[in-house]
Structure formats: structure tokens, C-alpha cells
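Structures for review follow.
Heads up, the next two complexes both have chain A, just with different partners, chain B and then chain C.
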Partner chain A sequence: MVKVKVNNVEIDVPPGSYIIDAIEKAGFKVPLLCYLQDLFNEATCRICIVKANGRIVPSCRFPVQEGMVITTSDDELSKMRKINFELVLATHNIICWNCYRKGSCLLVSLSKELGVEGIPVCSECSLYGDLCLVKQGIPCLGPLTIAGCEAECTKQNAPCIGCRGFVSSTSTWRNALRFYKENNIKKEDLEAITRIFWPILPSRFQNLIREVYMQ
Partner chain B sequence: MSDTRLELEPYRVAGESKITLYLKNEEIKAEYSGLLSERLFERLIIGRNYKYAPYIAARICGVCSHAHFWASNLAIENALGVEVDEVTAELRDICNKLQIIENHLVHLAFLALPDYKNLEPRILSNVIKAREILKNSLNTLCGRLSGPQPYMPGGFLKEISRLNIERTIKSMENLAPIIDLIVNYVLNNINMPSMNDPSPTYLALYNWPERSVPTKEPYVLISNNTKVNINSENYLNYFNETKPAYSNSKTCVFNGQVFFVGARARILARKYVDLSKGLLYMLNNPYGNIVAKAIETQYLVNDVINKLRSIAGKSPRRTLPSYKKGKGLSVIEAPRGLLIHYYEIEEDGRISNVNILTPTVMFTKHVEKSVEALTKQLYVNHVEVDKITKYVEMLVRSYDPCIPCAVHVIKIS
Partner chain C sequence: MSKYSLHEIIYGHHDLRVHVPISSCTLATGAQEVYRAIEDYIKRTGVSAEIHRVGCMGLCFLDPWIMIAGKNLPPAIYANVKPLDVEKILDRYLSEDLSGAYALRFRIDDKDYGIPLLDDKPEWKYQVRFVSRNCGIIDPESIDEYIRTGGYEGLRKALKMKPEEVIEVVRKSGLRGRGGAGFPTWLKWKITYEQKSDEKYVICNGDEGDPGAFMNRLLAESDPHRVVEGLIIAAYAVGATKGYIFVRAEKPLMADRLEKAVVEARKKGFLGEKILGTSFNFDIEVYRSAGAFVCGEETALIAAIEGRARPRQRPPYPAVSGLWGKPTLVNNVETLAHVATIFQVGVEEFTKYGTEKSKGTKMFCVTGAVKRTGVYEVPVGTTIKKLVYELAGGPIEGRKVKAVQVGGPSGGCIPFNLFDLELDYETLQAYGAIMGSGGLVVIDDSGCMVNVAKYFTDFTLAESCGKCLPCRVGMKIMNDILGRIVNGEGDVSDIEVLRDLGVSIIKTSLCGLGGSAPNPVLSTLRYFDNEYREHIENRKCPAKVCPKLVTYVIINEKCRGCGVCARQCPANAITGAAGKPHYIDSSKCVRCGACLISCPFGAIEKT
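Let's look at the complex of A and B:
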């Protein structure tokens, strides 16, 4: 058996185990995204990073060593996990309003856990599907607003007015604007509702609105 | 007696305010001012579609957001000539009453009571419990406590189920004994300094709280047993707003008189509870607003239960308004007193003019007059300056002013 210390808890694990196994045995947790026990541990997402003897390593891929000191969370790790998650999110085509997962999605829960603001309110909306306000032709800022409010307004059948601020990803904006256009939401109506909380939109988004609606 | 200038910044009030006292021989002058900078809410609403005005208005105040939201919706409905059905009106009124109870509780337990007695842990835990029940009830009926958006001009956006109403009735029945406990504790533990109201003009909405606020103009106000009908055409003949140089908020007089609005004014103008001699004596004292709030809280809990029972099983209907040019006024009773919203809407749905009169603006002059009277009374009796400061702060707190509401109304030139 190999002796390791996880967050000052000393445990014995079989030789050849990965750090993630030791962490689980010690009763701690690290956020996971691409890892599937016994099936996939290619360390592609780098969300499960921990400090092993002071060195940052992916816990799903790194084997334990005798006397290893493992730290599962500190400021540096949180910051790096956040950056890694943002990179994952940047490559994801965000269309929560049309996604079959309907919010029961690892990306949504991880964005909440890590405090990354990239997922729109649609991921939390109870009006998903045919009841979607945008699909009914009502201007609603759900597809463009940062999630985290549990979609309190749309629960009341009221449109989201964007009080939590807008998602900053241009690709999400492009997808959302196409969604608005498909559902016959007028450009003027969309601009009117954005002006409640976002009176000055960055020029890239203003240009994007023009570009999508011109097509 | 030498010239003295005292500047007090009372804590435990909503927002930042300052009261400046000028003491010169027998002349005493008080200036009550809001210290927050301009919030420009009226200007923010102008130029937008009427649909979005209530959402912005609701954000004037975090603790009375339902009152502003409702008043804004009601004024727009009046401007567009839409009248909602009785159930909608009643439900809106119930939501507002729940917010009034919540506001009163916070004021009584956390703002006013510590002037008289240290808060006991059992009372504190009951206040927290009561707030939780009220928050959940509001969530069940109309979304959030703060920044609500359950309806638009025309009616509720979502059906209020019978189950939700029954659940709220049950919550209110559980709340009633907790409220009784808190209110009795407050009433038994306050020992108000005696003084008479220097300007006993009280203004309240006629028929409220027994009946819900009317769904259309005119609104009947009652002041010193006289009824006044006000509508969008004539309301400025009665209410005269001015902006003093020393404050960021406006002040207001009614028919040229300094007046009071709020729980004490509602009870004294409407007399909707039995007024014994002792109670009347307490309510004639400006400090008595605390007593009035306590009595009103108890009354409103039972009133909400009865009103909910009367609408159980009925569903609110929604009327879709169409774009129409017009102007509309709404008058409701907010936690701190009368709240007036006025809107002018153009043919394309844009809002061209807004005027919002908040309760704190209405009673600012009353605060100044009462503070002057109190200071004079204490000064004549040679009370030390430290004690004067304490009593003045207690007096301001008993009014429960809300400065964020009051400073939204500045015009920029």
C-alpha cells in the first residue's frame, strides 16, 4: 500500500492508483468534467487539477507516489480551474434554448460551482420547449442573460429583462440572435428590452444585431 | 442661549439622510435631507415602451418594490383605459399587504424597537420566521419579494392556482400567532416620549384596507373627515412638490398644508380599528407611528386571510391592452403611506411623461415640523444637547423614512 496525505488526511491506497481515487477514499471531492471512472481518464478538460507535492497535475491521470501530499483546493487551483472551464466553454456551441438536456447538464452545474458566467438563463427556464416565450414571439432576454437567478421571471410567464447582465460570448450572441430572428422577434423590440438594463451595449454586439437581422 | 447648529445622520433608517437643526434663542429650524445622489428613475422611464415601465419602477425601492410595481401598472392601465377584474385587483392588493406586513415587522423589530429595549433572541427568531413565511407566501402568489414581475398592464401572466391560494392561507394562519407575539412585545416595551403632533393633517386612501384599491380613476382620499376626489387632471392642484436647496429629495404639501401619510395617518384618517382613548392619545403623538404600525400589522394579517378565502377558487382574467394615447394616475397605499404614479403615454406606446410622488417626500415636511416642535419642547426644559439628539433620532426613526424612494425625483436642468 502507498501512504498519501490528502488535505492533511493520511490514507493508504493500492499502488498504481490515481490521485482521484485517493481523494475519493479520503472523503474529498474535486470538480470533474471529462473523467469517467474506468472508462475515460485522458485528462482533456483539466478541471480536476490538484496540487501534488506543490505541483499542479490532473488528478484523474496522475498516479500516487509514496508520501505524496495532495491539496484539492486553494486560490490558485480555483483560478486555474475557472480558466480551464472557460476554455472548455469557449469551444461549446451554446444553444441552451434548443438543447435536449434541458439544463440537466454538467456544464451548467459546473459553471455555477466554479462561478463562471457563460451559460444563459434558458438553462434554468421552466418554460423550456413549446412554452418558451421567444417561441411564442415574446421578446425575452433569457438566451442572452447570465444564468443563476433560477429564472424567477420566466417562472411567472414574464419575460427575462436581463437584470443579471449579458453573456459575453459572441458565438452565444450570434446563436441567440438567430433564434430571435427565426421566431420573428423584431429588431426594435429586442433593442427596446435590452435597453432596460444594458443601455450601452458593446459595439461588437450592436454590430452583431445588425449583421444577423440584415441576413 | 447661543447659536447652535446640530447635524445628525440618523442610522437604522432606509437610506442615508441628514437632519440639520438650527437653534437660535427661541427660534428652532430643522432641515431634513436625503443624502443619496440623484437616482433619476422618472427620466429612465421616459421614452420607453409602457410595458417596461413597471419593471424599472419596481427597482426604485428594494423593500417596497411591489408597491411601485403595482402603482406603475395601475397608472398605465388607467392611461390605456384598461380595467382589470376584481380577482386581479384583490390579488394585487393582497401581495401589497403582504409586503406592508413584512416592512412593518422589519421596522418594528430592527429599526424602532432597539431605541426602547434590546431585542430578545426569542423575538428575533420569531421575526426571522415571520419574514420567511411572508417571503414564501409572496413567492407563491407573485414571484419575488424584491423586483417582482408577476403581471403586466392588463393582468396576471400566470394562473394563480387554488392550491397556491390555500397554501398561502395556511401560511398566514401560522403567521398570525407569531405576529401577535411580536406586536404585543413591541407594544409592551415602548415607552414613548410625550409630545403632540404639530400638524395633525392625515391623508389616506378612502376605503382601504377594508376594500382593495380602486381599479380606475378617480381615487378618493380622506383627510380630516373631508373626502377629495383626485384624478390625472387635478392631482397637481392638491399636491404641490418643491425641491429645497438643502436636500436631494423633494418635499410636498397637500392643499398648502403639511401632512402625514403612513400607518398612523391611515388609522387616524380612516379609523378602521376601534380607537380607545388611550390608543388615540398614543396615536396623536408622532412617535406613535410605531404603535400604529403594530396595530396595522395585526389587522392586515387577518384581513389577508379573509380576502384570500373570498377569492379562493376564482381565477384572475387578463385583458390585453392596445396602444392608445392617454394619461393615467394611480394612488395606492404603500408601506410608508400614499404612493402616486402618473404616466402620459403616446400613440406608439412610448411614455412621454412620468411623475412619482413617494410617501417619504410627502411626510418630509412633517418630519421637520415635528423635530422642530420636539426640540423646542426639550430646549425650553433645558434638556442636554446629547439627549435632544437621541430623541430627535428616535423621532425620525419612528417615521420610517425611505430615502432611496425620495431621491428618485430630481430633475436635471
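Let's look at the complex of A and C:
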């Protein structure tokens, strides 16, 4: 057996184990994305990073060594996990309001876990499909604002007013604006509700509105 | 090389011996045509002469050069020879008029020909030609010439030792990998040696994918047996039976010469079964790869030989599990050539040079805004200043050096005020660059550092294999941000994003490509922060390079109204009556710069 220490918990694991096995055996968790036990451990997403003897390594594919000291979380790790997760979101076409997964996906849960504010309220809205307020022509801010509130207001049939602020990704904005336009939400109405955040709309947003609504 | 054999190789057995370098770089500048012109000359004049094909000296600014050695005359080197010059040069030389020669290889008497000695020229004087000793001197396609210079003596010595003793010699030499990271060579050998396995492999990494770096190509084209000998010694030390030399298919001459060297070495019994009468069996295959920058990374290189070129997470390291899952030693071309040389001439000759932590010499390739582009072999620990100014001759007339990018496309930019730094692994690392394979690109005051950073990330982004997220997406985002900044669309917050993202990519990427690709950005941010701010805050490119941020204007007082610029302008942006000052319509101008070059009166400026 190989002796390692995970966040001050000493533990024995069979030789040839990966760090993730030791972490789980010691009762800790690290966020995992591309890893599928026994199926895929090519260490491509770099979300499961931990520190092994001070060095940042992917826990899913890094073998344990005798006496290895493993840290599963600190400021630097959180920051880098967050950055890498933001990179995942940057390549993901976010259309939670139309996604068949209805929010039960790894990206949504990880973004909450890591505190990345890239996923919109629609991901956790229970009014999917025909019930969707936007689809009923009501200017709801769900597609544009940060998830994490469990979308309580929408359950009461009140449109979202974006308590947690705007998501910041331009591509998400663009998708959302297209969604509004498809459902005949008027440009003026949209501008009116976004003024909750911005007395004067930022030019990046104005340009996008123009781009989408002029098409 | 002993004086005697050098003399013999240079003079040969005819009245006249003309040495012509045939290598990728000299061929590109017309060496083949010069070779033919010399052949013609010999035929026509009937002199007792022979042409000696040699490799490249590394002094690229001389290309194509020739060296003439005639009876009772000192060997003279001529630079930038054109086929039409050949007759005149040879006629003169034979009549003992050496004028026009660039340098004398050595003197044979006290007679003064008014030509300096090569050894007195700074570009040669400060070099220590240890591994490159034969480059440009011997015929790379002749095993006999290599042997005459002491070649394969190193192997003979090594085969008389036990593998552990061979490794001990390498340990004593203090040799560190010349392929990038500077890992102690002996340690890698020891780990590979200690693995128990029915089969082991050794691989010579000759990928050299850095644009603008060619020291490995030069060495392998000019002295291929040295690399082969090094690889055989390595194989003996670690217990390998099969070796590969990994070369890019787009460097055919390098691959051909190595292949030929392998064939010749086999004929002489340095390869094959029972090498030199011992029980050691070993053979080498030259592997021609389709090539990608990432294939130089050792796990990707191994995967490429197996048929799918992508890096994988280490450990296990190749020394433990490499090619086909067997222990595999991967060493750089220059590392192996050093091994052969160390065994030939003795450890002390090597340890004489270098620093405490890093012994010996290293070949550096200096390109960019310098007078003398070339490959220079100097002791590790030589200062950047010495290499750039003394050897490479400093900036082109009227220019000032601003920075040097050290270590290839994923190295870092060191600013002029730090040019006293020594070129060794640790120092470069501490200042945000890397040794890499030893490429230096000199940037003068006409260069924009943001643009330089963008240029290198264009390269690394295109070469990212896409396997892991930080490199694939992160580099794209960094590159996009740099694109915005050079277009004058940057935001103050971009600097922070570039820094955080860059550090994160370096620390979390799967392989060394992502692990170093942000270096040019981080180092320019560190040393040229002001240039970024100018682009972002004032929408100005201080070096007037970034097209979107410069305007072309005609100075009324200087313009004579000749109209040349207007005819050159592809955008019809220039108007004006003949004889009257012309005017550039900035809204039409596409910033191609054609007018500026064309104006005969220097009336056009960038602002």
C-alpha cells in the first residue's frame, strides 16, 4: 500500500492508484468534468486539479507516490479551476432556455459549485417549455441573468428581475437576445427591463441589441 | 581535432582544394550554382584541383561562402559568393592576390595578405566550437573524414566500460539536456538503465519545430555521425536495442544525411550485431515525421512514432514507459552530439566551460534585427549582450536593440536593460524566458512588443494540439484579446485578464506547449507594460507598427508632387495635382505602407 496525506488525513491506497482515488477514499471531493471512472481519464479539462507536494496536477490522471502530500483546495486552485471552467463555458453554446437537459447538467452544477457566474437563470427555471414566460411574450430576465437563486420568482409566475446581476458573456447575451426577438419581445421593453442594472446601457449591449434586432 | 588532420582536410591532396558548403541554408542562397561554377572553372583551366563538399559553419550572413586552400597559400574564406564571381576570385587567389577575402582560416607563414584571421573576428573568436567543431570543415557524407577527426573513438572508449561507468562519465560532465528543460542527462539515462524490460528504446529528438531556429538541423546536416555516435553510446548505456532519429520530412537533407550516416556506420560495424566485437546489438531507424510543433514534445513524439501524435499526461515518464510502453530515452540532437564529443575528447574539455550548475557549451541561433545572423556555439552562461553585440554584431546601422525573445515561440522577451543576464537555464527561467532549444530573436526599436506577443501566440495557438482545455481555449482567448489591443479596441481590464489567464494556462496545461505558450505575453507585460497601456489607453502604437493605430501623412514641405505614391496606392487614397503637395485620405487608406516606401523624397511619415 502507498501512504499519502490528503488535507491532513493520512490514508493508504493500492499502488498504481491515481490521486483522485485517494481523495475519494479520504472522504474529500474535487470537481470533475471530463473524467469518467474506468472510461476516460485523459486529463483534458484540468478542472480536477489539486496540489501534489505543492505542484498543480490533474488528480484524475496523476499516480500517487509514497508520502505524497495532497491539497484539494486553496486560493490558487480555486482561482485556476474557476478560470478553466470559464474557458469551458466560453466554448459552450449557452441556450439553457431551449436545452433539453433542463438544467440537470454538469455545467450548471459545476458553475454553482465553483461560483462561476456564466449560466443564466433559465437553467434552473421550472417553467420550461410551454410555460416559459418569454415564450408567452413576457419580458423575463431569466436568459440574461446569473443563476443560483433557484428561480423562485418564476415559479410564482412573476418574471425574473435578475437579482444576481447579468451574466457577462457576450455570446450568451447574443443567444438570449435572439430568443427574445423570436418570441416577439419588443426592443423597447427589453431595454426598459435591463435599465434595472444600467441607467445607461453599455455600448457593448446596445450594439448587440441593434445587431440582433436589425437582422 | 589535431592540427595535423585539420591541415590535411583543408588542403587535401591536390594543388587546390575549394570547400563549398552544401546544407539547407547555403543551398537556399545559391551554393549549388557556385559549386557548378567552380566545377566549370576547374574543367576549363585544367588546374589540379578538387571541390570539397562541407557542411555549414553557422555564419549565415556569409552565405554562400567558399574556402580556397592552395599550395603555399593560406586557406581563405570568401563571403556571399555569386557564380559569376567564382572565376575572378579563383584567378586572383591563384595569383596570390587574396583581396576580397573575408578571412583567413589560419596562417601558414608570416606573410601579410591584409586579410584578417577568422580567429580574430569577434563572431568566431568568442565561440567555443565544441560540438560544432567539424561543422563546415568535414564532408558530412564521409564517414572516413569523421573518423579521421577522432570520430567513433568515443564509442570505442564507451564500449570498453560498463554501462554504469558510461553513465558516471556523463554525470561527471554535468551535461544537461539541450532540447529545452535542461534535465540532467545522466539522471535520465540512469532511470532508463534501471528499468527492467525485455526491450528499451532510445530516440534522438530532431524535430526542431521552432520557426527560425536551426541549430539542430545545422549540426545534423554538417556532422551527422556525431549525432549517430552519441545515440549509440546512449543506447549502450541504457541497454537499448533499437533507436530512432526523429526528423521532420520537410527537412529532407537533414534526414538524408542522417540516414546515410546510419548506413555507413552499419557498414563499418558501429551498428548492427556484435558492435565492435562486443555482445552489444543495436540499430537505428531514421523516422521522418509529418511534423507539428507539438511533435517535439517527448510524449507526442513517441505517440507520433506509434501513429497518433498527441501528448499525454506524465508520469509515467518515457524513461519508465515510453514507446510501445517500453522504457524509452529521449534526447536532443545537440545533447547526443555533446555525449559523443565528451567521450572523444574527455570530460575535462567539456567541464572547462559553462557555469557551476550548467557545464559546457550550447549552440545559439541568433536571428532578427542583427547584423550577423547565425548559429554561435558559446559557453553556457555567456551574457546576452556578448552574444547579441559581439558575436551577432548588434543592431543594424541606425537602430537600437529593444529586446530579445529567448527560447523560441514560447520563450520570453528579455528587455535591453537586462542584457547582462547570463544565458543559462535557471537565470532565463527566473526572468520569464526559457532556454528552449536556444533560439534568440532580436527585436529593435522598429518592433512593437504587443505585436510581437501577438505574433508568437498566433503560432502557438495554431500549433496547440487541442487536447487540453487551458491551452486550446485559453490561448484562443489570449490571442483574441491581443488582437483587440493591436486594433486599438483594448480595454484596461484586458491586462489583468491576460496575466491571470496566462499564469493559469502555464500552471494547468497538460504538456509543455501550453505550459510555456503564454510566456511571450507575460514577459512583454512584465517589461513593456507601457506599450500595452499606450495601445489601450491612448490608442497609439509607440513603434508605429500596428496598422490600425498608425496614420500615413504627407509632409507638405517635403512633397514635390511627383505622384509616385498615388500610383502605388492600392486604395486610391492619395490625391493631388502634379507639382503640388499631395494628400492622403485617411478614411480610404488601408495602411499598406506602399506609399511610404515609394516616395523618392521621404515626404511620407507614419504618425
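Note that in this section the second predicted complex is superposed on the first by the 215 of 215 C-alpha atoms of A that agree within 3 Å, B and C clash if a C-alpha of one lies under 4 Å from a C-alpha of the other, contacts with A are read in each partner's own complex, and residues count from 1 in each chain.
Basically, a contact is a pair of C-beta atoms (placed from the backbone, for glycine too) under 8 Å apart; a residue touches a chain by one contact, two chains touch by 3 or more.
Since this is a predicted model, take the numbers as computed values, not measurements.
Of the two partner chains placed by the overlay, only chain C lies in contact with A:R46; chain B stays clear of it. A count of residues in chain A touched by chain B and by chain C gives the higher number to C.
In the superposed model, A:R174 makes contact with neither chain B nor chain C. In the superposition on chain A, A:Q156 makes contact with chain B only, not with chain C.
In the superposed model, A:T91 makes contact with chain C only, not with chain B.
On the chain A side of its complex with chain B, the touching residues are 152-153, 155-158, 161, 163, 192-193, 195-196.
Residue ranges of chain B in contact with chain A, taken from their complex: 48-49, 52, 55-56, 142-144, 147-150, 152, 157-158. Interface residues of chain A, counted against chain C in their complex, comprise 42-46, 49, 56, 58, 61-63, 79-80, 83-84, 87-88, 90-91.
Touching chain A in their complex are the following residues of chain C: 312-313, 315-316, 467-470, 473-474, 477, 500-501, 504, 507-510.
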